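What follows is a pair of complexes built around subunit A, which joins subunit B in one and subunit C in the other.
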Partner chain A sequence: MQQVYSIPKSIKQNSTFTFCPGCDHGLAIKLVAQVIDELELKENTIAVASSGCSVLLYDFLDVDCIESPHGRACAVATGIKRAHKAQGYNKFVFTYQGDGDFASIGLAESLHSALRGENITAICINNTNYGMTGGQLGPTTAMGQITTTSQSGRNKEYHGFPIKTAEHIALCEGTSFSARVALYDIKNIINAKKQIKKAFEYQKKGLGFSFVEILSTCPTNWKLTPQDSHKKIENELIKVYPLGIFKDIEND
Partner chain B sequence: MSEKVLLKGNIAIAKAALNCGCSCYFGYPITPQTEIGEYLSSKMQEKKLAYVCAESEVAAINMALGAATSGAKVMTSSSSCAVSLMQEALSYASSDELPIVLVNVMRAGPGQGYIFPSQGDYNQATIGGGNGDYKIIALSPSSVQECVDMTYKVFYLAQKYRNPVILLVDGLLGQMAEPITIEDNPYPNIDNSSWILNGAKNRASRNIHSLEPNPKKLEEHTLKLHKKYLEIEKNEVDWEEYNCENADYIITAFGSMARIAKGVSDYYKTKGVNFGVFRPKTLYPFPYERLRELSKKTKVFFDVEMNLGQMHKDVCQAISQNSQVFFIGRPAGEWLKQDEIIKAIDKIFEGQYATSI
Partner chain C sequence: MSHIKIDGNKCKSCYLCMDVCPKKLIKKSEKIGKTGNCIVEFDDKNQECIGCAQCALVCPDMAIVEVYR
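Up next, the complex of A and B:
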């Protein structure tokens, strides 16, 4: 009998995801692990986890990993990549961050890593709120969206506007690849993996900063079922955050 | 390597860092330490080493934190108000047990202050501005020669204890040129193969993190760090004594102020008064024990600092109850000269007991 599915080798074999039911983090990490396996990067990878739910990465991913101070993941990754390069090694270095980490508190580090064309990859889980602290307004909270700190919905008078991260990163000259993907159905999951793989391959080729923003569910804080959370992404959020590739230096 | 060269403190530090194998530097400009980054920018690029003009001091110290996981010798440098920005990462790096060298060439504060010489960062270096129970080793040079010798030492101590180390340099020393010799780095390299992150090849994956949701494990980790600090306190205390044997009076001072204090000691010697100078070379760990011992014989101490009494509390804590400490200091801006110190001491001798000039 042919085995057609197994847990990726880069996932810790005895671990169980501890994310909330219906949260897309688990799926996102699985896709990252599958790509690491397929590109045979496991033994050469140093991952950078960040603050928020994404910090749990090292509980599940079976590669060398450091936790970064909140927002500084791209700076930490820069240091790792350059330090090994100075010693003659080309290590595979990627960050795994939330939208608050990447695009709010860490915006300077993120944007400047892209501008420098730092040869690292950043994966940003965009669930439109600060998840671990219980669902507060973040840099990506959509207009009208209710959070614990925008209880009548995000409005421009009090909160201003959300950031379209993948589009901003695409504007940086040092960016090799910038895409936004979602995980609400099989087709999109397959596409998400394809884009993560491309981002990782671009780093392997030394093309510069590669970036994938993953629109993800946060059922607990959205107060929706996992199914309805995916429907929310499909019916509402992709209108605010269109899916697509915003920069691809090999194909633009 | 042993001929005398005339060098500024900042350049001497940069040269010594390269000499002992520093392969990663990340920095952001701020006076009066910018020459360190300027000097290293071309030298490191020539050698294809890691050098990043960081977007901020926050980014610089976090790049250093990342680079340190590779086991490389890593340095950043900055000054006072910008070192304030680095406190978060120092707390993380202490918990992560990462060897980072931070050179702080001090300017005057608080806030932006100005580029005047000052020793206002003693508290910041020895107590720290980050959260939690952590300690940073802090060394204080008092000459350009010591800037070199102590640069070698801070890299060694950082690797030896897997802990951030601060070289706390007076702005005066960073900017002052003195004839020095640059010998080879006398310290051995430390094997770090058991903990670095370089890819999980033929071994289990490793992770470095300060987050610990298990209360028991967090307590164990913090106690483990504490044990290391006790070890550092036992092994690494260093100081200099000048005419302290049989001294009736002792001046305590660190960094460049200790040099001026020596002039004061020499002056009183001509008057037939035995004045010693006690200079901590390590600010953390502080030489409490030796000072306590000296205070069994010497009953009056004068603590002289270019701040309003930051090391003063450590001196008070160190000396025996039967001794007393007078503080003489000036915060920033104008230089505290030898004559002023003598005048202040004479005033105290006259019984006026002014505690500050």
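Up next, the complex of A and C:
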């Protein structure tokens, strides 16, 4: 008999996630930690946390972390990557951001990092609302979706349309990889890890900006159980946000 | 004998692991956890666990800490 599963080495021992019960943030961070372990990146990584529930990352991940102002994670990561490079160090730098952070307040920083082809990786948790601040409408809130600031549902006259982040990032010439994944069942969780790994490997190879959007749950603000939240993704949200790889310069 | 180890201090009673266990070996226990709900326990009297680790993979709180096959 052998041990086939253990807590990733890149997770601080004895740490307990402080996310709400059933929140996909925990699962996403676990997958990131597994990939860091598999690629042996722990000692060379600098993670850039952002504002939102995603900021809690540095409480759990046992790598060097820095917190950036709301939305500016890709700009901070750019500085870290370039400053180290100028000194002869090739650090592995990635951001972990919410959808509000990446695609609303930080859209300029995010998109321009992709356009410049910064050799960094961004992981964006798309839970279709501003989780930490209480579930307000975000740039990714689906049409008709009820949030605390769209009480009768998102509508095009008042709120306009949601952003398809992974598709937009794929259009940038500096992007090496852009994919959208989900975590609602085992098959998708395994695929999500595979795409995160690919995005990290592309940075290691120096191919440019790599991006993974993770379609995630926010059971607390959606006011659903973790199970029903996953069903919402499977039955409703993947129609709005199709899963797949939108750019892959090694295979396109 | 395949088995798993659950850390009750980390379990937040989301019950996602109960749904994925192909043998339905994870059940609600009598113990109340930090969220005020019953935490889960591994109940494998007939040694049915196949050590697939799907429960550990889905647990968002890393409360399933070890799997042996």
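To be clear about the criterion, the second predicted complex is superposed on the first by the 252 of 252 C-alpha atoms of A that agree within 3 Å, B and C clash if a C-alpha of one lies under 4 Å from a C-alpha of the other, contacts with A are read in each partner's own complex, and residues count from 1 in each chain.
Operating definition for what follows: a residue touches a chain if its C-beta (ideal position, glycine included) is under 8 Å from a C-beta of that chain, and two chains touch if they have at least 3 such contacts.
As the structure is a computational prediction, the values presented were derived from the model and not from experiment.
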{"item": "Which of subunit B and subunit C A:82 touches, first, second, both or neither", "value": "first"}
{"item": "Winner by number of subunit A residues touched, once subunit B and subunit C are compared", "value": "B"}
{"item": "Contacts of A:6 with subunit B and subunit C, given as first, second, both or neither", "value": "second"}
{"item": "Which of subunit B and subunit C A:22 touches, first, second, both or neither", "value": "second"}
{"item": "Contacts of A:46 with subunit B and subunit C, given as first, second, both or neither", "value": "first"}
{"item": "Partner chain(s) touched by A:186 [first = subunit B, second = subunit C, both, neither]", "value": "second"}
{"item": "Touching partner for A:160 - first (subunit B), second (subunit C), both, neither", "value": "neither"}
{"item": "Touched partner set for A:144, first subunit B, second subunit C, both or neither", "value": "neither"}
{"item": "Common ground on subunit A, meaning residues reached by subunit C in one complex and by subunit B in the other", "value": "none"}
{"item": "Residue ranges of subunit B touching subunit A (in the complex, touch as defined)", "value": "23-24, 26, 48-50, 52, 54-56, 58-60, 62-70, 72, 74, 88-89, 92, 96, 197-202, 205-211"}
{"item": "Touching residues on subunit A, where the partner in the complex is subunit C", "value": "1-7, 11, 16-17, 19-27, 30, 186, 189-190, 226-227, 230"}
{"item": "Contacting residues of subunit A [partner subunit B, same complex]", "value": "12, 42-46, 48-49, 55, 58, 61-69, 72, 75-80, 82-87, 89, 91-92, 108-109, 112, 116"}
{"item": "Subunit A-facing residues of subunit C, complex", "value": "1-2, 9-10, 12-16, 19-20, 35, 51, 53-54, 56-62, 64-69"}
